[in-house]
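Structures follow.
Across the two complexes that follow, chain A remains constant while its partner is chain B and subsequently chain C.
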Partner chain A sequence: MNIESELKALLQRREPPPGFADRVLARLEARHRRILPRALAAAALVLVILGGWGVGETLHARNELRLAMRITAAKVAQAQQQVRSVSR
Partner chain B sequence: MRRILIAFLLIIPSAAWAQSGRIRVAIPDSLAATASESVDVTLDGAMLRFAARFLSDDADREVQDMVRKLDGIYVHSYEFDRDDAYDRSILAGVRAQLGPAWQRIVTVKSKTRENVEIYTMPNGKTIAGLVILAAEPRELTIVNIVGPVDLDKLASLEGQFGIPRVMKGDHHE
Partner chain C sequence: MATPEVLPDDPLERAQLGDHDAFAALISGHQSIVFSIAWNFFGNRDRAEEIAQEVFLQLFRNLRNIESRQHLLFWLRQVTTRKCIDESRRKVPPSIDIMDAEIGVAAVVPDPFLRRRVRRLIDDLPPLQRLVLTLRYQEDLGPGDIGEIVGMPLNSVKSCLHRALLSLRRDLGETV
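Let's turn to the complex of A and B:
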């Protein structure tokens, strides 16, 4: 047998054994069933971490804003009062 | 030609900042390290509005109204354990940026308390920017607010958020 006929024999169309497609689909489904809860758990964890970080950032920004306004208001009020007391 | 281009590229952002009421405050890192207390707040437009959304107290509501219109709040404040612990050229650097668009509206010189200078950038009937320089031997505060500021409203916030009211009866020059 030459190479050409060997290749032809190897590459010729063959029917899969009975139930092959069902077995493949069943395996894929089982795999999906295992992966889905893990993926959901991972997504939930990411959301919790991002949410926690977001809340922390928000509180930090709010406190910074209060602090900035506190310092600014005190300086303006102090200057105003000093000007008033001099002009009296 | 290249030098001119670089200088041009450096000047344009500064000029744009100056027109917007924003100033560049060059504070060396070593200053915060030597200070006994330091505050550096940088809140630009997006972050400012974001932070303002989470103000909930009654006192906060006035701040919320004011902050909603602003484009930025930048506060640098340092307290030191010894006199003259900071370089006065920091203040000179800020003053140098305040061109003809800025007006000095208040200058307070005090022997016993801090010296305060308040500059505003008028924009029609409103103020487009505010700079406060408050300096005493052991304290340095530089405030820059970008956007329409109501000074009276700002001063009225004193006494809120635990801000102590200024006591009367000090001696001034």
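Let's turn to the complex of A and C:
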């Protein structure tokens, strides 16, 4: 017996059951159907987070501006006082 | 005036551009390779179909990385063999389906007793030997190509093949 020819015969290529490609495409479609709502939900979440971050950034900038204006006002008042004391 | 879009002739290129019919053609053209590697490894049709489907789903996600038809062939063989090995580590060994074993080979191996005996002996081989035998005799690949697919040095492939054949010859020598 020639084992190699037996193996070639036994291990030959064979076709899968009919409709194989359709079954793969159906799984692909089902996967896309599952992924799409998740992707939309994720995109919405990102928008909310970015929006929140934007609002947070604006508030932070406003507070920094207020602080800077207060410091400037204090410095101006201090300078005015020094000018007054010198002129007296 | 808008120029009409010209699609490439190659199904691989068309599939890469998002043409689902071309992807279906790619599946049909390569399904026997992928299915048979899994079938010859597990000896079970349902399991082979499951593995083959997963390979093509993975191909769809990786279509952009496929550079040529040769690369596609290499990629399919490599991913299928890796999935077979991973799957064999994860699950309990499959029971051999005798009906499955007879599909498609009755015409070329006329003795059903011998056919079942050889099939059982192949299924009893260690996974790597079974895989190397499959790539050698199903895909008609040389040890160098098998080494690239399985990720083994040439001499290890040769020795693996030699041990598998020796084991089969020894076991069959007792009965044939």
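Keep in mind that, in the parts below, the second predicted complex is superposed on the first by the 71 of 88 C-alpha atoms of A that agree within 3 Å, B and C clash if a C-alpha of one lies under 4 Å from a C-alpha of the other, contacts with A are read in each partner's own complex, and residues count from 1 in each chain.
The rule is short, and it goes like this: a residue touches a chain if its C-beta (ideal position, glycine included) is under 8 Å from a C-beta of that chain, and two chains touch if they have at least 3 such contacts.
For clarity, every value in this text was computed on a predicted model and none was experimentally measured.
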item: Which of chain B and chain C A:39 touches, first, second, both or neither; value: neither
item: Partner chain(s) touched by A:68 [first = chain B, second = chain C, both, neither]; value: first
item: Partner chain in contact with A:4 - chain B first, chain C second, else both or neither; value: second
item: First (chain B), second (chain C), both or neither touched by A:14; value: second
item: Touched partner set for A:27, first chain B, second chain C, both or neither; value: second
item: Which superposed partner A:58 touches (first chain B, second chain C, both, neither); value: first
item: Which of chain B and chain C A:76 touches, first, second, both or neither; value: first
item: Which of chain B and chain C A:85 touches, first, second, both or neither; value: first
item: Contact residues of chain A, present in both the chain B and the chain C interface; value: none
item: Residue ranges of chain C touching chain A (in the complex, touch as defined); value: 20, 23-24, 27-28, 31-33, 35-36, 39-40, 45, 48-49, 52-53, 56-57, 60, 103-105, 108-109, 114-115, 118-119, 122, 133-134, 136-139, 165, 168-169, 172, 176
item: Residue numbers on chain A that touch chain C, as the complex places them; value: 1, 3-4, 6-17, 20-25, 27-28, 31
item: Touch list for chain A against partner chain B, complex; value: 58-59, 61-62, 64-83, 85-86
item: Chain B to chain A touching residues, read off their complex; value: 39, 41, 43, 47-48, 50-52, 54-55, 60, 63, 67, 73, 75, 77, 106, 108, 110, 113-114, 116, 118, 132, 134, 141, 143, 145, 151, 154-158, 160-166, 168-170, 172
